[in-house]
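Chain IDs A, B, C and D follow the sequence of writing; residue 1 opens each chain.
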Amino acid sequence: MTHNIAILGASGYTGAELVRIIAGHPSFRIVALSADRKAGMTMAEVYPHLRHLALPTLVSLDEVDFAGVDLVFAALPHGLSQAIVKDLPASVKVVDLGADFRLRDPAEYEKWYGAAHVATDLQKEAVYGLTEFYRDDIKGARLVAGTGCNAATVQFALRPLIAANVIDLDDILCDLKNGPTGAGRSLKENMLFAERSTDVQGYAQGGVHRHLGEFDQEFAAIAGRPVTIQFTPHLVPVNRGILASCYVKGDPKTVHQTLAHAYAEEPFIVVLPFGQQPGVGHVTGSNFAHIGVTGDRISGRVLVTAAVDNLCKGSSGQAVQNANLMLGEDETAGLMMAPVFP
Amino acid sequence: MTHNIAILGASGYTGAELVRIIAGHPSFRIVALSADRKAGMTMAEVYPHLRHLALPTLVSLDEVDFAGVDLVFAALPHGLSQAIVKDLPASVKVVDLGADFRLRDPAEYEKWYGAAHVATDLQKEAVYGLTEFYRDDIKGARLVAGTGCNAATVQFALRPLIAANVIDLDDILCDLKNGPTGAGRSLKENMLFAERSTDVQGYAQGGVHRHLGEFDQEFAAIAGRPVTIQFTPHLVPVNRGILASCYVKGDPKTVHQTLAHAYAEEPFIVVLPFGQQPGVGHVTGSNFAHIGVTGDRISGRVLVTAAVDNLCKGSSGQAVQNANLMLGEDETAGLMMAPVFP
Amino acid sequence: MTHNIAILGASGYTGAELVRIIAGHPSFRIVALSADRKAGMTMAEVYPHLRHLALPTLVSLDEVDFAGVDLVFAALPHGLSQAIVKDLPASVKVVDLGADFRLRDPAEYEKWYGAAHVATDLQKEAVYGLTEFYRDDIKGARLVAGTGCNAATVQFALRPLIAANVIDLDDILCDLKNGPTGAGRSLKENMLFAERSTDVQGYAQGGVHRHLGEFDQEFAAIAGRPVTIQFTPHLVPVNRGILASCYVKGDPKTVHQTLAHAYAEEPFIVVLPFGQQPGVGHVTGSNFAHIGVTGDRISGRVLVTAAVDNLCKGSSGQAVQNANLMLGEDETAGLMMAPVFP
Amino acid sequence: MTHNIAILGASGYTGAELVRIIAGHPSFRIVALSADRKAGMTMAEVYPHLRHLALPTLVSLDEVDFAGVDLVFAALPHGLSQAIVKDLPASVKVVDLGADFRLRDPAEYEKWYGAAHVATDLQKEAVYGLTEFYRDDIKGARLVAGTGCNAATVQFALRPLIAANVIDLDDILCDLKNGPTGAGRSLKENMLFAERSTDVQGYAQGGVHRHLGEFDQEFAAIAGRPVTIQFTPHLVPVNRGILASCYVKGDPKTVHQTLAHAYAEEPFIVVLPFGQQPGVGHVTGSNFAHIGVTGDRISGRVLVTAAVDNLCKGSSGQAVQNANLMLGEDETAGLMMAPVFP
């Protein structure tokens, strides 16, 4: 059965990645693509790598005809998404790739995003889109909130450990190495090739990164108490990829076994043999996440490292995985492409 | 119908790329992987990005059991391939990704590769594997010789122009920009990250690159007379990709129309609108080739630029495309994955 | 003797490069830095790599006090520079790094830059800043026009050959591989790290690049007749560097000898042994240019390749070299730093 | 006064970097360069970026004439260096860039390097070469042991904090992002451009990296008790640079003030304003180290980040700085070149 798909905000990188994935999907058909500033252009003009595909021309948001659309992927700036989604026909399912529906608490939303939410009913209804942990809810959801890419990566490393109570909840430290595509196609001097290609530098450090709101919400829900992690992202010169080095306290072998057991049946989460560490180059272009666990010479210290492609498993791949569930398709449909290496 | 596939030389980059592609192929099943120096290792150890796949353990060449194998991909060093292929069971079809069967004339082989060919019968029998131009022969072939990656790229730009006699055959100049994966996984100082990542430099210049043998053979066959091109490759710091800037003399619009017409029905060759130029980033990880045509302020000069992913369309993608034909499958089976950008 | 230096347009890449070079100069002292949009900021805020230097705070153009200034480096957008320079005190010497004074003919200027020149007297007075060929004029000049970075690179390869009449003037083809810093710090989607880091693509092709105006002017002056070259730049993912592959017709050994002889006494131009090719990585961060000459299997074809760092020898290094001459200093003062490799 | 310098192991990256730096040094003259496997070659053949320099031809170690040599830089593999240095004439001063003399305790050396030391007398005599902290000892030393590049970077961040007792000594965690040049010019598959350019991956994790021996020795000496840090390096695709993210517990402002005060008079160590973070791109090619301090939303947590160029300040720049002291020159001679950015 074919499902009609609309992508709002198709001119950003996550929009392009959605198109790339859906091009290989057996039952999704793209019927509308919106991009306000690039309305009127073809996708081939905006993204020449998609030139071989037969795709609708980009239109502005208010030109999209939602009749017959089964599911919308919204890849819009935060703030805008909530305004758009609340006016969509009730028959249309929605996967939001932005930040608007990730936090359930309006106060938390306002704290991290600096403005009151305009669709608090939807905010409550939305299911958090970390597929491996919200699978059943997602199946029946009308609105799924895609997670932050950092948020997904770190949660893959930590959720089973928090749930199993095998690490010290008061001393969790996550140091991330991030490809610049996580910043999207926005025009900033420090995102120019000239400035990123020979640099490594931290950003949004000290506890101000908005994905912390997701960690706080999710980890508290699992632990039944507040869990406040330290989280530090760094930009590294690789297009795609997040490597999250998560430093925890516990027994290394127990940590490894807990993760291996938790993900044993997961199609996309691979736990490496004990002592091996993943590389972002080994998941590029794919929906896979690789997780490694290493002990330390200091007893009771454990390093859990998770690698994902931020545009795919961290965003658009996750979105398609959720859409598959929402539309009754096989969860892995269109998503089993192997990573591209070298 | 499932076809049993063996890959000889699976530990090199083209071997890994074959596995990546076949992982998404509807009817190919890998039953044997050989790699002499890495025999006994799993593919996950040699290429962690393929870790999620169920694959046979690597064995040495003489351990491969060819019973039940329908087709062999040979990704072996030149010289070795001819020795191996000539002893394979006659029932096994072969796509050779190396250089051993590209040149039909034993004298030419010896001239470019410095040693006499040891399987001259097979050399004559082999079909040159540039799919778009040898499709019918490939369908019935037992042995297909994969082309050089540079050779494929340049031929996509030039063959229709030579065939249509719309360019000056005595003044063809091709300047190539090549990603280092074309050199394979060989250990050389100038292939280290430290030495390539901030450098651009020519190599094998002045008419000594072995792919010239292919150009001479093929272009003479099309033109009915010798065609001697000038050909200069340069290493650029991008993993995958060849951009061939081919400078020819003729009428720009005629050149564009000739190419557009020649490739109008081809699933993988895209001719851009006149005046647009392709980028290697727009074909990365895919089996597509993009071709652009631009005129010049100097009347009668034309620039034809072709972009391919050297590991995919330039080698392993082409190999699968040929195998599809040889085994009676749809030519595009397993090969329609969209490029990965950014 | 200390010379007081002002840099107008100090917030761009060539401005920063001027500061870097002058930091090691024995007799230049920076007394003013202007940058309209960043006026009020310190250089450390705009360019943290210059943080260790004691530098004046950035001011707007009209706040610069030119009293006591010996020489101005103007690194301004074209059009603006001519308006500014014409109003400078006559006592101030000027090295213009932009395009405004490169072309002597007002009609040519208007043809390539799309607007009439507003300081045609200065345009006539300005000396073309290719130091190795205009050394004597530069010594006595008040206004020197820095060359285009591509223009410098290609002229190093070709000027002695045209002057010596050892190549065919009607068949010169230059294929360039360019680092994106040549585009400056301007904010464009295709200059983002995400879009350049895995791509190689031509730009400004077909004879529309503005540096062609310089080639036409200079080569005609040398040859005593029009010389129209074909010129095609390509963006490659390396911060600094231009590799110009210049295809000419002549005798390879004669070409090599002509270049070797022409540059035998030059401190910054190195002609490699015959058959060796330069890499941009071997001149990075320096004022050196490396030139290689190779023959071809086709008799009478020669490849001359020149490598420069576009920000240094191609722009700011050249500017300092010229300023040294204008101020009576040793031409190499502050410029002998070795390239940074790897 | 001119000092005669010999470089042993000149064909590696630190050897080349020594030559680059010394090329701009006012009083060092290179009189011998050794490189066993490349003996007989010119430096221009081994490192074309040094082609403009007049340098001695490479010779084998036993061909070096030490008569008249004032100081030797030994950039040799560990194990070899101790054997060579112990047989040098007593009149020759030595800066060893390898690991052989970093650890004073023979048992510690054997533990980390797997073999007994063959020159334990010299081991005891050697001064640890972290200039900013051993300045007086270095001035009078005959043998100085260059530090590990990671060891230098992390010590810049931590030594003043341990000395001032302002951080918790039992909970120090250092996550490093390292350019691959730290591995030298050794030929390994995972150091190929193809494998590093799109990857980020940890290595030598879990407390096995040999630089831990240096931390243990140095921090215990400062603290007067054992200090065991957690230390995790990761490879990132940037040629030069180490970014050390050091997570400590203490008061952020106190930490910042302690560092700012400690380095107030240092010519090469720059402490950024509170809350700013350094980038490795801002020290590339230079002898500077940038240090940043940020607090966290979790009270009592501090992130101290240090950026150095591993080949320069982390190795060869430090070596020249030490040699300056040993030879009675100004400590900064030849070392004030500004970083190269972009």
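Throughout what follows, contacts are C-beta pairs under 8 Å (C-beta built on N, C-alpha and C of every residue); 3 or more make two chains touch, one makes a residue touch a chain.
Predicted model, so just to flag it, every value in this text is computed and none were measured.
For the pairs C-D and B-D, the count of C-beta pairs in contact is higher at C-D. When the contact pairs of A-D are matched by residue number across A-C, B-C or A-B, over half of them reappear in B-C.
Averaged Cα coordinates give chain B a centre that lies 39 Å from the centre of chain C. We define each chain's centre as the mean of its Cα atoms; on that basis chain B and chain D are separated by 45 Å. Measuring from the averaged C-alpha position of chain C to that of chain D gives a distance of 36 Å.
Under the contact definition stated at the top, the residues of chain C that touch 2 or more other chains are 13, 181, 192, 194-195, 197-198, 237-240, 278-279, 281-282, 284, 341-342. Looking at the complex, you find that chain C touches chain A at residues 13, 179-181, 185, 187-189, 191-198, 237-239. Of all residues in chain A, only 173, 175, 177, 192, 194-195, 197-203, 205-208, 212, 228, 230, 232, 234, 236-241, 243, 245, 247, 275, 277-282, 284, 292, 294-298, 301, 303, 305, 307, 341-342 touch chain D in the complex they form. Here chain B touches chain A in the complex through residues 13, 16, 19-20, 23-24, 47-53, 181, 198, 239-240, 270, 272, 278-279, 281-286, 288, 290, 336-342, going by the rule given at the top.
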